[in-house]
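Next, two complexes with chain A in common: one pairs it with chain B, the other with chain C.
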Partner chain A sequence: MLRFIAIRLGRAMITIALVVTFAFIVLRLSGDPAQIILGPEAPPEAVAAFRKAWGLDDPLWLQYFHYFGAIIQGELGRSMRDGRAAIELVAERIPVTLALTLPALAIKIGLGIPAGIYAALHRGSLADRVVMMLSVAGFTIPSFVLGLTLVLIFAVKLGWLPSGGQDSWRHAILPVLTLGIGGAAVLARFTRSAMLEVLGQPFIRTASAKGVPWRDVIVGHALPNAAIPTVTIVGFMIGTLIAGAVVVESVFSWPGVGRLLVVAVANRDLAVVQCILLLVAATMVTSNLVVDFLYGFLDPRLRQNPGKAS
Partner chain B sequence: MSEPHKSPARTAELSLSKLTVSFDGVTVLHGVDLSVGKGEALGLVGESGSGKSVTWLAALGLLPGKAKITGSARLDGMELIGAKPETLDTVRGGRVAMIFQDPTSALNPVLKVGRQIGEALALHRGLSGAAIRAEAKRLFDLVGIPDAERRLSSYPHEFSGGQNQRVMIAMALAGAPDILVADEPTTALDVTIQAQILDLINTVRREMGMALVLISHDLGVIAETCDRVAVMYAGRIVEEAPASALFAAPHHPYARGLLHSLPPLGGERRKLVSIPGVVPDPRALPHGCAFAPRCPQVLEACLSAPPALRGVGDARRLACVLEARTVPLRSFEAA
Partner chain C sequence: MTALTRRAALQIGTAALGASALPNFAIGQSDNRPSITIAVQKIVNSNTLDVLREQSNVGERVFFTSLWEPLIGKDWLGNLMPRPGLATEWKRIDDQTVELKLRQGVKFHNGAEMTAEDVVFTFSRERMFGNSEAKNRSTIKAFENIPAPRPGKELPPEIPAVARRAWPDLLRVDAVDKYTVRFYNATPDVTLEGRLARYGSDIMSRKGWEDAASYLDWARKPITTGPYKVVEFRPDNSLTLEAHDEYWGGRPPIRRIRFVEVPEVPSRIAGLLSGQYQFACDIPPDQISDIEKNAAFEVQGGTILNHRLTVFDKNHSQLRNPLVRRAMTHAIDRQAIVETLWAGRTKVPAGLQWEYYGDMFHADWTVPEFNPTLARDLLRQSGYKGDPIPYRLLNNYYTNQNATAQVITEMWRSVGLNVQINSVENWSQIMQRNDSRAVRDWSNSAPFSDPVSSIVNQHGPNGQQQQIGEWSNAEMNQLCEVLETSTDRARRRTAFRRMLEICEREDPAYTVLHQNATFTAKPKSLKWKASPAFAMDFRPGNYV
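Presenting the complex of A and B:
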């Protein structure tokens, strides 16, 4: 088991290192931060001084070396815009984003999983077809379209809710719904197919054949098996808690991590972008790790041979 | 097999009459009449798709919702077709237990076997806590699973196929049923294990005085175990007789064909004869006898309507227009 954990952690580290490297190369090659931050009118001496101050004149490999070395020591750099530590800038945005993504996750799970189970148990019924139709609509409509539609209905036409900003909990309702509906749709569809797959298994018939009431067959026999594929999707959703709201935060002017990322990319504010990407990679990798361990908990067949979980 | 056949009029535990099943408008079971007496061992033979399993799944309400079932299945006079779910839940596992072909997929992979057996004990015997554990251990000992105490905490994938079938049998016995329906219980197992499982089924049946319905396409298995045999073809019973009588002198051409395709154990070596053709598609059954297109003795009368199952002699029922005794067994070879 220790060996399993060590291998997993090692792989996670490699993944994060690759993400960091990729981000470094792309951002360094796609524009000069000095020009962008100081503006096109800036005098050449100012630009040169800025480049020197931030080490932008060093060869790329040396910059990478410095950068990577700093990360290993836990130093994530400073924002080129205001000189504050990047980690500080990002950290103050995380709770703001979580205020949207956590309630949205609750909607995804609380709505998507029961809807999927219900649809599977009433396969072919009107309810099943309605749930599946909504589900297709829910995950094919892009979040900015859904978000703007909700704004049009609830803010512009009805005037019930604000269209953007972060002044009160009422401002969070529309962005949370926008995030939650799409995810609930995806989860409903996955849960339904996982349930249908399990309900067709011979052990379900065995449980009925020994006199277990249908409700208990569902709860005691079908759900624990259907949970295995569903957990994968939920794990993936947990991985997007930090950076999964970039578009929605932009639509609703919600000052979270996603908006910070958009602004930082536009400014080529390297340290901030890299800090966010590092954080995103770390949450993704962590949630994948957690899912792998959950598999072992849910499925005894994977416990003896954890290698199969990957 | 050696037991003399008792009159069919004796107390029937479970009797099916005119049991019909259709899926999406396709009829797969065409009015089955059959009964199982107390403590009797009834064999049900036929090719895959002949309706052997569907008959019992229908009687116990275990078919999916889209199956349309008509007719009657009475257990001690209580009607099961259309019965309330609560009634069926007490019958299933409590009065009639079932075991299946592939024991490993028939057990829930994420639950310990002890819990799966305990569930039946709690439902049908009202046991709880330590009493469940003790009784489950006794059942494991009974079906010959060594180290029972520890094995109760194992999962199905930690057992072999044969052991899982023993677990299934223990689970079936947990409700102390009157009838055990064994649906191809040895088909998925190694030959050496098959005999052990059959022995076990026979032993527990005798000890507990259970009736047995053994569904199989293996005539050898049926011959060893059953008092009475019903042969099914394309959703109908075509012949039913005491096992000794059926194996000594099968009347229906299909039953004869089945027996003839087995190698004789003693005597002269002969060429094995197969039944030509394939089982008809239930969506396109012939108008008359479903076996007519493959039958070596087909007559004009066979093509108009399916022959009814009627009594022949004192203990045999037959669905064939031929007066069977006039036809020699070897006629298949000529076909």
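Presenting the complex of A and C:
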């Protein structure tokens, strides 16, 4: 097991290093942060002073060397926009984003999985078709369209909820719903497919033939076997908790990590972008690790042969 | 000792609670001024409220007239001409020196009185100029005398450079007495009063600076004289201002102003219509009629001190011949752009100048006439063979930018010009110097009421266009010297006229497309007037 964890962690570190390197090269080659941050009307001498102060005149390889060296020492750099530590800026935004993404995750799981199971158990019925129709709609409607539609209905027409901002829990309702509905639709489809596949397996027929009550067949045999693809999707969703709400945060003016990322990329504020990417990569890698362990818990065959889980 | 029963404790507690609540209630009742929320696309770009660091249109909106005030103000609700601000009067001592009498009784947000000491500090090395030096004529040479960044409360590196650009030859400011200051320039300069009124020459409290723990702490909550003071600034999110009741211009009409950042246009409009915001700014022209279909709302605003330009790189192989650039200027139907893309809510100005230049304004000057026949003829004379001319384009950095680019590209095509749009992502890519740079978009402002603030500062020898190697012209550069140094107004006026002829007709550096405009939506029931600028004026008398 230790070897398994060590290999996974090693791969995770390589992944993170590649992400950081790739982002550094792409961002630095595609624009000069000094000109972008100071704007088109900035006097040339101001741009020059800014470049000198932030070491942007150094060769790219030297900048990368300095940057990567600092990361290894735990220093994630400072924002070129206001000089604050990048990690401080990002840390301020994480709880703001989690205030949306965690309740949204609860909606995705609490709504999507039961709906998928129900649809699978009533395959071909009117209920199945309604669930799948709603699922396809939720899956295909872009989040900004769904978000603006909800705003039009609940903020503009009915006046029940605020259209944007982050002043109270009421401001979170529409963005949470926007995020939650789309994710629930995805989970419902995956859960239904997984359940249908399992329900068609011989061991389900065998259990039924042996007189096991249908409820026990579902709970004891079908659900655990159908859980693996669902857990994979949920794991992916957990991986996007930190920066998976970029569009929704923009539509609802929610000042979370997603908006910080948009602003930082637009300004080529390298340290902030890198810091967010590091966090996202770390979250994704961690959630993948947890999912891998869950595979073993859900399927004893994988516990006996961990290589299959990869 | 008397035992305290539960009943007695409850009574005391209730009485104490009531007593503590009553004064607050009374205060709340006495201040019945409204609080408002304003949705903007962006509050500031620099994450600070430092008027020298935030050099942007969006910054102007939150700074003026709410926070920052200069010695010589502007008529924000009129024609933007100079008017007394924190100084009540001023006079020339000589061609290089201006003396100003300060308004007495002006209180900063920290309660301290503004004196000459604060003015001197505002224009000090510690606050403005760092290690940079005044140059004995013309604007400073680029890349010289830029102080190295220092930790703590030292200035960000770009501030001295920006300050020197605004005050290239300022030697020092002296306090003559508590309420009198003198500005000494290294050379004669007729624009000193204009520079005193410009963005960036606004007065701050010395004590406010000294009390702040760091530059960033100060820059997020600057202590100034404006009618509103900073309560809270959350970068990229919101800025909350509160009435400064000791404001010298009277009691501010609004108790609390909250600017919130709402990046998406539909979200700003939805918030306005739902009543969440009282003002929605940065409304694109194509949304105005939709908003005004609702009889309860209106869109205010209009032209501002900023012109949209198309800029030429005369070093590009296809544009070396000025006849090609001249053809481009005559092929554009600017009025059609104003009518179709701006719903007629802006105008085609008289070249790169503004009426508030006063006697320096040339009312009879116009942009090159729309004349496709002349454009074709000029192209024929130039020997242009139809080779591609690249046009670097940002994605709607300016309002209607993409649509305007597509329209004028087709207008150019119709006279035989093969201009090809090349979309890029940022200003760095726009300005990158190589063979694919020929045409780009830009806008020019006039920070003070003299052509030095625009045509010299932007297109002269130290202006961006020449600094990045797009364009230069020997005669133009000599004329810039005249405009900057001469005190003979007639000579300056003639020089400016000649500069317009060179830059817009003979050897085009740019061509003006239209005046820029900004639009703000609000309920009709709110009595408020937009100024002809990005600035939003909420001083006494302009909000009911």
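Definition applied: the second predicted complex is superposed on the first by the 310 of 310 C-alpha atoms of A that agree within 3 Å, B and C clash if a C-alpha of one lies under 4 Å from a C-alpha of the other, contacts with A are read in each partner's own complex, and residues count from 1 in each chain.
By definition in this document, a contact is a pair of C-beta atoms (placed from the backbone, for glycine too) under 8 Å apart; a residue touches a chain by one contact, two chains touch by 3 or more.
Because the structure is a prediction, the values reported are computed rather than measured.
Of the two partner chains placed by the overlay, only chain B lies in contact with A:Ser208; chain C stays clear of it.
In the superposition on chain A, no contact is made by A:Thr101 with either chain B or chain C. Looking at the shared chain after the overlay, A:Ala53 reaches chain C, while chain B stays out of its contact range.
Within the superposed three-chain model, A:Arg301 lies in touch with chain B and out of touch with chain C [touch as defined at top]. By the touch criterion defined above, A:Gly159 reaches chain C but does not reach chain B. When the shared chain is aligned, chain C comes close enough to touch A:Ser250, but chain B does not. When the two structures are aligned on the shared chain, A:Ser287 is found in touch with neither chain B nor chain C. Only residues 57, 60, 62, 85-86, 89-94, 97-98, 100, 102, 105-111, 119-120, 123-124, 155, 157, 168, 171-172, 174-175 of chain B touch chain A when the two sit together in their complex. Across the interface of their complex, chain B is touched by residues 201-203, 205-214, 220-221, 224-225, 298-301 of chain A.
By the touch criterion given at the top, residues 39, 45-48, 55-56, 140, 142-144, 146-149, 156-158, 160-162, 164-165, 216, 234-237, 260-264, 266-267, 270-271, 273-276, 397, 425-431, 442-443, 445, 462, 464, 467-468 of chain C touch chain A in their complex. Chain A meets chain C in the complex at residues 30-33, 35-50, 52-53, 79, 81-84, 144, 148, 151-152, 155-156, 159, 162-166, 250-253, 255, 259-260, 263, 266-268.
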